[in-house]
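Once you've had a glance at the structure underneath, I'll fire off some questions.
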Amino acid sequence: MKMYNDKVMEHFTNPRNVGTIENADAIGQFGSPVCGDIMEVSLKIEDNVIVDAKFRTFGCGSAIASSSVATEMIKGKTLEEALKLTNQNFVDELGGLPGPKIHCSVLSEQAIKLAIYNYAKKHNLELEGLKGFNPDEEFSHDDEDEDE
Amino acid sequence: MKQIYLDYSATTPVKKEVLEEMLPYFSENFGNPSSLYEIGFEAKDAIAKARSRVAHIIGASDREIFFTSGGTESDNWAIIGTARAFKNKGNHIITSKIEHHAVLHTCEFLEKEGYEVTYLNVDSNGRISIEELEEAITDNTILISIMFANNEMGAIQPIKEISRIAKKHNIVFHTDAVQALGNVPIDVKDLGIDLMSMSSHKIYGPKGIGALYIRKGLVIPNLIHGGGQERKKRAGTENVPAIVGFGKAAELAEANLDRHIKELETLRNYFISEVTKRIPDVSLNGSLENRLPGNINMVFNYIEGEALLLAMDHKGIYASTGSACSSASFSPSHVLLAMGLPVEKVYSSIRFTIGDFTTKEDIDYVLDELEAIVKKLREISPFNKDNVMKTAQVCNC
Amino acid sequence: MKQIYLDYSATTPVKKEVLEEMLPYFSENFGNPSSLYEIGFEAKDAIAKARSRVAHIIGASDREIFFTSGGTESDNWAIIGTARAFKNKGNHIITSKIEHHAVLHTCEFLEKEGYEVTYLNVDSNGRISIEELEEAITDNTILISIMFANNEMGAIQPIKEISRIAKKHNIVFHTDAVQALGNVPIDVKDLGIDLMSMSSHKIYGPKGIGALYIRKGLVIPNLIHGGGQERKKRAGTENVPAIVGFGKAAELAEANLDRHIKELETLRNYFISEVTKRIPDVSLNGSLENRLPGNINMVFNYIEGEALLLAMDHKGIYASTGSACSSASFSPSHVLLAMGLPVEKVYSSIRFTIGDFTTKEDIDYVLDELEAIVKKLREISPFNKDNVMKTAQVCNC
Amino acid sequence: MKMYNDKVMEHFTNPRNVGTIENADAIGQFGSPVCGDIMEVSLKIEDNVIVDAKFRTFGCGSAIASSSVATEMIKGKTLEEALKLTNQNFVDELGGLPGPKIHCSVLSEQAIKLAIYNYAKKHNLELEGLKGFNPDEEFSHDDEDEDE
């Protein structure tokens, strides 16, 4: 057993989409209260479709790998489609993360949601996937594996 | 791939000479040392020899050494034992904020039982203040427990001054010397120590064995009840091979001490100065003075320690974020926080601990890889010299 | 000189296959299992495998097995832990008069803290009475701790009936299975056991490692506080090689159980019947029913057990007067006394315990020597068939 | 290290003077309250000199070895001389006994004293060495090595 599978390690050592988009259409930065990780995502959006995405992350291996797959997965998706992606989709795409590390993928979900939220606010868009999303609310972490 | 172990403070490999002395006691001289006559006596002799060796390295007499299952049990026994022994005298314990969890969680357990515990602050070098210690003492103080040397950033405490204060106020003084043993000269008599915890697997001996030094004349109740082993103070069939191994490791540690310290300090200082030269925006946690010879604990600004660890691991370099037992728990180091390090720097800290098998070549390899890895991770990071992470951005929960 | 070890209940040699599995974890895969990544993960995997093996032999799930430093610590933890966990429910504990000191002295420690303990009697076969147990239960009873099998004379208790009573009255049931493991089929679920102590060095594994089975759902506080090892229930750097060895020993014990029992019983019964045939005035303590397969505990009237032991030792035969931990203390066996054996017969009792390396040839050699030695010692003794020692002549202090 | 030295083992495996003297002039039997050991000594006495001594002992190795040397040592001695011998003399003659086993040699000292006491009583002898010796008094054992 290793802590991370090869795919996670591959995304960690060769992360895709690192950086910031100049003149980005949307930016989201989210800091996880669980482990102090921070992700910044910048998006290029055309006709409500994410045509480019880049990220910068201060965080552990799983946070970086999740950031990498998440930005890959949202590229080419409409905003509504992107909002439907949850951290579990990123984890699945990575082929799994160890239990206590699953929460790191939430970072990417939240940072992307936040970027789209900021975009929607600026452009007065009503998006189904943002219903109930309130970035000022305290993030609550469901730590099932506390006793591991 | 090269494999370079730089986590000697977490645990050490058992040295060849140590394992060799242990081997006959598994399947040949396996007799129970408590049984009468021949077969038990061989094991009994082996234990006596090991006890002398452990006693010798700290200047104790043999009868003051009691074998336990490790550093953790020794800490528990010393603290709970003293608390129980002196409960009629008082209920106040003084320790520090940077102790190992074996001490901290034992103190917290006693707090739930009604004891009061003062956790002393440390300065930016990880050292307690003798004045603050003396001020913390009340009529109810029964125990001062201050670690000899810190496992995360290597600070060595002013043990002799602490014991002087303890003696002056007639308070029992315990020190967790798990990290100090074999790395710092220790003479319990000269230092005036009443109780001292030790662990074998930090000095190239086997895991699962340790000892508690109990000064002659001091009596504390048992932690583990049962048979009459260890002069009726620690029950349980003696772990003969492990005791033998601990004894041999202690003997080697004593014989090699001066050279061990000199060589490790040289390598350590080289490592630190090269890192500082070659990588911008790094800093050493703590000072070079009063520091364990093999300890390197540094901040690599703008990147997260765990990611750095993982990238190093990927190159066969094994380091750690701090104490092994908390590295699976992702909480920022209580030691570095107590030293006043801002939380974002705590998250960016990692520990390298070098040991007897570390070579200059290893260090040079690590320096090259480290330089490359830090550069790469900094490219991924949203932070840099011009955009420094703010403590407020990190919720320390 | 021939060396014949007949003290397998005191401790066993580590089997070759067991030591082989342990060896790589001393100096090569020595990583701390709690450290992150590669080096620690190998050790972590090894521990997980060992845990499964120990769980499997008793029908538990992996998460119900917690490694400790041995049977003694497991007993302490189970009893002190339950006492603390249920102190608001009651303060009464039921155990028996023939428990190992690891249980008895822990109960005595709790008595000093204000707990009340009932020590059940046993019959002449060393078995408790279910009626007496049920009568001893009060509203305050929080724990029943009855050993699975006795170390001195091998009596196996009616565990399933005891657990039925415990469950009926909603009381936690702990059993010290240190002697039973590997010698009796054990299924904790079928038997309804809540807590069970085990020790590796009684089943051809290394010393210094044991386990406590804690039934899922039952929560008891920690005995040893510190790092987050063993799912935060038992602190201290994991003793990886010993855990691996215990796991392998458990696997072997499970695979060999039927044959082990059959072979030992055959040898044991042969030994007992030959002794009885060849030496006058001897008797077996306890019955052949419900007895550990390797246990022989006999009275050799008119001579003192220790002299018999010494004379045997002189011929390279290693036996014991009872539990190893009390054999250095010369007090008459509390187990045999509780069975109602007159004290002079207690002094004349010795224990032979046979194991996996005992052969028919060994037994035949021992029988010859034993016959000669008993004869010789009886010539020295002032007692004989016509002049029996009276209990009153022995002051049992 | 062994528990017993060779001389002790020699006396244990080949004890001298085992048995009872027929028509003995004096007999003493003493049971040690410490460990349940019992020694019986019988003496042949001529002109206040012990001309023969035999013993039977129920006890451990050190009790048997002490009985053996003790009976050897008193042979040829006057009663007064025999009374001067203490358990320490027997231990010394054996070349030492392990600490917790020293008390076993007291058994021999007491059994011999008792035999001579019985003899003196029967023959109305006043013996210097019996002053203060009261066989009905509780034997008190000085257990220095209790915590070993």
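In this document, chain identifiers A, B, C and D correspond to the written order of the chains, with residue numbering beginning at 1 in each.
By our rule, a residue touches a chain if its C-beta (ideal position, glycine included) is under 8 Å from a C-beta of that chain, and two chains touch if they have at least 3 such contacts.
Quantities reported herein were computed from a predicted structural model and do not represent experimental measurements.
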{"item": "Intersection of contact partners for subunit A and subunit C", "value": "B"}
{"item": "Chain located farthest away, centre of subunit B as origin (C-alpha)", "value": "D"}
{"item": "Chain centre separation in whole Å, for subunit D relative to subunit A (CA means)", "value": "91"}
{"item": "Chain centre separation (subunit C, subunit D; CA means) in Å", "value": "39"}
{"item": "Rounded Å distance, subunit B centre to subunit D centre (Cα mean)", "value": "56"}
{"item": "Subunit B and subunit C, separation of their C-alpha mean positions in angstrom", "value": "35"}
{"item": "Contacts with 2+ other chains: residues of subunit A", "value": "148"}
{"item": "Sequence positions of subunit B contacting 2 or more other chains", "value": "36-38, 306, 310, 328"}
{"item": "Contact set on subunit B toward subunit A in their complex", "value": "302-304, 306-307, 310-311, 314, 328, 330, 332, 343-344, 347, 379-383, 389, 393-397"}
{"item": "Residues on subunit B engaged by subunit D in the complex (per definition of touch)", "value": "36-38, 41, 44-45, 48, 231-232"}
{"item": "Subunit A residues touching subunit C - in the complex, by the definition given at the top", "value": "1-3, 147-148"}
{"item": "Residues of subunit C defined as touching subunit B within the complex", "value": "3, 5, 7, 10-16, 19, 26-28, 30-32, 34-40, 69-73, 75-76, 100-103, 105-106, 108-109, 199, 201, 206-209, 222, 224-229, 235-242, 306, 309-310, 313, 316, 318, 320-321, 323-329"}
{"item": "Of all residues in subunit D, those that touch subunit C in their complex", "value": "4, 9, 12-13, 15, 18, 29, 31, 33-40, 56-61, 63-64, 100, 148"}
